[in-house]
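The structure appears below as structure tokens.
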Amino acid sequence: MLDYLVSIALTAGIYAIFALGLNLQWGYAGLLNFGHVAFMAMGAYVTVLLSMNGIPLLPAVLAGMILAGAAGAFLGMATLRLREDYLAIVTIGFSEILRFILLNWSSLTRGSFGLFGYPRPFQDLVGIRDYNLFLAGLVLAVLLLVYMLLETLARSPWGRVLKSIRDDEAVAISLGKNAFSYKVQALALGSAIAALSGSLLAFYLQYINPNNFQPIETFYAWIMVIMGGSGNNRGTILGALILWGFFSTTRFMEGYLSFSPTASSGARMVLIGLILIGMMMFRPQGLLGRKEELSIGK
Amino acid sequence: MANEVLSAISVCKGFGGILALDHCSIRVEEGDIVGLIGPNGAGKSTLFDVISGFLPPDAGSIVFSGREILGLPAYKIARLGLVRTFQIPRSLMRMTVLENMMLGAQGQAGERLYIPLIRRHKVMAQEKEIREKAEEILEFFDLRRMRDEYAGSLSGGQKKMLEMARALMADPRLLLLDEPFAGVNPALADRLIERIRILKEKGLSIIIIEHAIPYVLALSDELYVLNKGRVLASGRPDAVISDRRVFEAYLGEGA
Amino acid sequence: MEQLIANGIIYGCIIALAAIGLSLAYRILNFANFAHGEFLTLGAYFALFFAASLDLGFLFACILAIAATAAFGVALDRLAWRPMRSSGANRTAIMILSIGVSIAIRNALIIFFRPDALRFPLPVSQGINIGGMTVTSLQVEVVLIAIAAMLLVHALLSRSTLGKSMRALADNPDLARISGINVDRVIRCTWAVSMGLAALAGIMYGLITHLNPNMGWSIILPMFAAAILGGIGNAYGAMAGGIIIGISQEISTAFLPAEYKIAVSFLIMIAVLLFRPRGLMGGG
């Protein structure tokens, strides 16, 4: 039972942090980041590579966040003056390119062989037996911290400007707000949060390889955000729990159905695609959201 | 001679084939209300877009408070105190009326990313001030009871009011109002005229685009008539309005 | 070097065909369609399926596959895009939906055809030597058919009433509606053309490489890069963009490991967005 709770806390918690970063960008600022997983990958790889080279973990994690934030800001600066779909195209491209680089720069990343045997926080103090329990606590603490940070920001004048840009950028500009700069800030901060979730994922998995960071991960985050009602941090966390529940029940059911592994993972993915389609067509305001708060439909 | 707030000189703006603004010039003196009329498609809204920095002109010069503002990004122009409203009201639909208003305030420390995290009390104090000011202005526009509604749920006339109220939150020196009376019922319109007069008495300069001539006559110190992107006539309202060419321009539109 | 350019032209023709469809859809339907790669894949698998199950010859199977993909496009419009349009959803919602479509189609193909690489049931075609470059007759055919298809698109856009209505719709939807254009019909035709071209591109890509359910998704980036390079929404630009992207990707393999060639289209795309956001041919 405890193991079960620990595994929920770890997977759902890490994905909730990941998705909260996206919710800041999409839910509050209306930015179409289709390459969110790239920033998670940057967090994981930078943290692991630096710590394998003797850099203490905390600075290694921070370095990943800073680098991911800078990358997010750069992609934003290249595209945010144009129509919003360019950001989507460029970010999804970036996430694929980054994965190619990680796969092929073998001297640094060991390619698809992956990296393992890297340090994890307090591993000597905690010991291997209780480590997941400890890490689950750490993940939940980070989740709480990120949640509080984002809630504070969402309720602040900064968050108000962000929401106004999402609703109608021209209004924000007519009232003296530098919309471009706010969008870049939201991208950078959301990407840094994704990097943080990537570091935690690396600690949890003990083994990372570029194929952990397929584009589909980005759209898991999208489903979590939209399901919970875009622009709602608590909803996003709920979305992460629901998606986690979906995966564990479908895996559980596979035990009883005699599908081949490719067929059943294929079927699960088809379902994911259909969920995304169905949500956009029938419930774009999310499960909890009210129509007036609809941040997509218009 | 009174202080000049705005002087746009020989502004031109073309869209593909048509010249929406053709060497158009306009001046506003401190504390004046300037009316801007003209048939549909005359270029009035385009002039607002250009003055407020939303559209780059092809040629011309725009001086505001003694400073050339041509080429400045729109948000910087707004920060200097030149605030525009939109012809079709642009409410922030998924924000409440009060949030719409509070957005308008200038110099908010809490709009910097890190300030709300490290200076909570300062931000909260400032928020309180801004909220009070917002409620005052909402009261002025009879919108106070709507303050917690989503702006998307307001009626057309209320949206127009909110549009103007929100612009006032920015403490502008010059306010550009694009058809503030459109969609506002006549009883409310009379009160709106009163309110605009009060704003003028407080020293605000205003340019009003309006199709309803009586309202313009009731308010303006100066009147400009635009037709096909050019200033057809300008001067004292009663003189301008009796100008034959103005009459013909409007007739021409009807024909 | 000539060999690389030859390869680039072949690959570029495929990207160009795909990018035309992407660009048309962007111009007329007003959104970036992230499921476009899957339409290539779908076309290729339809051709494989018809070739294997009907005894009618490969060419006929291809024609059938193009028709089937186009029909699929029209059906998809009925089921998904049109309800979204009529509910007034904005284009970001439609773009997210296109991601869902992409994921669903790709994985449905994985279920039905397994993720392994497959080949069309054709004899290996012999290499021929043209001025120092080795190309197969198949590759030459691919280029010729691509050029023919582009000429056809040109004729369609510039000569036919459909082309005129498409342009009218793209330039001013409201005006088009009141001037009596049957908007839904034009949109259906746009989908049919866009997806037919995608199917053709997919079949060709399958011919010069192989088929797998990921094939279309794996080249979505060069497709977008080509469309953006040509000024997104501009069909002729997309053709030129495709060829340029194809050639630059291949030439890059002379200096960089071949794995990185897709990064070349990404870099070109970023550079275009930074310095010529409306594309080399203006437009947009």
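Chains here go by letter, A, B and C, matching the order in which they are written, and residues are numbered from 1 within each.
Keep this in mind: a residue touches a chain if its C-beta (ideal position, glycine included) is under 8 Å from a C-beta of that chain, and two chains touch if they have at least 3 such contacts.
A quick note: this is a predicted structure, and the numbers were derived from the prediction, not measured.
The interface with the greater count of contacting C-beta pairs, when A-C is set against A-B, is A-C. Closest chain to the protein centre (all Cα atoms averaged), using per-chain Cα means: A. Centre-to-centre spacing of chain B and chain C amounts to 47 Å, using the average Cα coordinate of each chain.
Our note on geometry: chain A versus chain C, Cα centroid distance of 30 Å, whole angstroms.
Averaging Cα coordinates per chain places chain A and chain B 42 Å apart. Contacts with at least two other chains are made by no residue of chain C. Remark: chain A residues 149, 152-153, 156-158, 160-161, 163-164, 166-168, 170-179, 185, 189, 231, 292-295 touch chain B in the complex.
Considering their complex, residues 31-32, 34, 80, 83-84, 87-97, 99-108, 110-111, 114-115, 220-221, 224-225, 228, 257, 259-260, 262-263, 266, 269-270, 273-274, 277 of chain C touch chain A. By the touch criterion stated above, chain A contacts chain C in their complex at residues 30, 32, 34, 78-79, 81-82, 84-86, 88-90, 92-94, 96-97, 100-101, 103-104, 216, 219, 222, 226, 262-263, 266-267, 269-270, 272-277, 280-281, 284, 296-298.
The residues of chain B lying in touch with chain A in their complex are 52, 54, 73-76, 78-79, 83-86, 90-95, 99, 102-104, 106, 108-113, 115-117, 120, 123, 126-127, 150, 152-153, 166-167, 169-170.
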